[in-house]
Amino acid sequence: MYIGVIGAGRCDARTFDIAYEVGKLVAQRGAILVCGGLGGVMEAACKGAKSKAGLTLGILPSEDRKQANPYVDVAVPTDLGEARNALVVRAADVLIAVGGEFGTLSEIALALKIGKPVVGIGTWELAKRGRPIEAILVAKDPHEAVERAFQAFLKS
Amino acid sequence: MYIGVIGAGRCDARTFDIAYEVGKLVAQRGAILVCGGLGGVMEAACKGAKSKAGLTLGILPSEDRKQANPYVDVAVPTDLGEARNALVVRAADVLIAVGGEFGTLSEIALALKIGKPVVGIGTWELAKRGRPIEAILVAKDPHEAVERAFQAFLKS
Amino acid sequence: MYIGVIGAGRCDARTFDIAYEVGKLVAQRGAILVCGGLGGVMEAACKGAKSKAGLTLGILPSEDRKQANPYVDVAVPTDLGEARNALVVRAADVLIAVGGEFGTLSEIALALKIGKPVVGIGTWELAKRGRPIEAILVAKDPHEAVERAFQAFLKS
Amino acid sequence: MYIGVIGAGRCDARTFDIAYEVGKLVAQRGAILVCGGLGGVMEAACKGAKSKAGLTLGILPSEDRKQANPYVDVAVPTDLGEARNALVVRAADVLIAVGGEFGTLSEIALALKIGKPVVGIGTWELAKRGRPIEAILVAKDPHEAVERAFQAFLKS
């Protein structure tokens, strides 16, 4: 099983801690961690996964493998720019969004478009014409997020 | 100038009329209309553009050019699936979202990520932690949408 | 019908003349000319097509539309780097290679892989284990090249 | 270091043995093996790498991870079709082509285009206007191939 952890390339300490914990739990439960390979949430999740000897995959926007954070085991430079977001989504069975900016939103949307479950902690809230669209599975903490991700995968 | 009109592949009659009008105004003002090439909002916008002899470009998800709606002048089959959304965004200078589902949301997010202006009519509303994120330029009708799109392009 | 004309971004005067003539004949016969949008063979073919009021499509490797040569009507910036070669191939029904370097060779190979006809003038010669692989339809001049391209399209 | 092993999805027993040996040597020397993730040469190389506990990365053309051969550790479904060939090239520091059909040729050409070394065993021979183009580093057996790949990487 491959769990994608998505979020911004820069983040505050609290968000970093959450993403670290998510990565740790993903690895503990034996899943491969997929991410965009850069800093911030991506680095935190990879660092957490490595603390439990998990395997981490980073799909990079540039052609330069050195852009990968130090906790990426398998770094895939794509030179596709933000178009690589579609590959992060494709490579994951389920996604967990931690915070996140517009890049993360694009990944959430692509995942929902192709029917992949998305769990969110403190991430985007979606609405149309004043009505909330509750397509993201909201979790209050890393444990709930990883638990919901595994449940969603088993159901899909 | 290239204006992207984005929205769902199926839509109700009201949304179709709005997208048609947007396409017509885009062509009247001399811009090339870019879209995902399929039905619904994309077809409406192309049909509107052709009513004023505009030029229409459709960037298709499949490898089959026949998927293009009949109002597409230049049909580009990509076989990239939803990853082609990044190409619609790249190919446009400004985007106008009319309604839209998750695919449209991914295009809005990618555009905002790379700093391209997005105008919206009846489209997604974004928020984080209970606070609205007002990154989309809201328009109430096709005239205002196209006007705001041209203004945003000239400023960018 | 969409004919792709592929070749290097820089070329000598003789190759330029051949590509110009190919583009002219493509337009004369009513096909849309697809290319990578840059200089050299691509510019020559577009210039030839415009001399007969043809429509030209340039699929660019960068995100900058200004990279397109001045004879491109519809310029599609992709920001995919050389990965855009696959899109040039997908967008064309048949390809005509005029001379060409490694980028052109990648397009020839991708086209042959997915079963699209490739006509060649002064382009790559392929062999394996000392035996020529005659997959490219060889033409001695622009007229023969465009004629063979149309024939191949009608048969495919 | 990441070594790409490229070749056809189906191959004869002799080619399989060569690719197996290449994969084994790549893993023995501590490099990560990158490939297109499918059968034939790709499967042989992965199987060889796993015989020495190497790490294998498969970048798949489809969206279905199950297409990966059983010796792929990290399977990346892309849904990009043959456009994923550019990603195999990007993900590798050096490529070793074993035999190969048109897909392999496209990878060889893309690698040469962006300046990545390509070593070949029994693979394509290139020529233009009757003159061989000796851009591929020819090796007579797996040992020489892997040796030349490492040398080329160290020089690059």
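Quick notes
Chains: A, B, C and D, in written order; residue numbering restarts at 1 for each.
The rule is simple: contacts are C-beta pairs under 8 Å (C-beta built on N, C-alpha and C of every residue); 3 or more make two chains touch, one makes a residue touch a chain.
Bear in mind the structure is a predicted one, so any value in this text is a computation, not a measurement.
Seen from the C-alpha centroid of subunit B, the farthest chain centroid is that of D. In this assembly, the C-alpha centroid of subunit B lies 40 Å from the C-alpha centroid of subunit D. Inter-chain spacing, taken between the CA centroids of subunit A and subunit D, is 29 Å. Listed for subunit C are residues 63, 79-81, 83, 87, 114, each touching two or more other chains. Taken chain by chain, the contacts link every pair, so each chain touches all the others. The part of subunit C that touches subunit A in the complex is made up of residues 63, 79-81, 83. Per the touch definition, subunit D reaches subunit C in the complex via residues 80-83, 85-87, 90, 101-103, 105-106, 108-110, 112-114, 122-130, 135. Those residues of subunit B whose C-beta lies close enough to touch subunit C in the complex are 2, 32, 55, 57, 59, 63, 65, 73-74, 76-79, 87, 90-91, 114.
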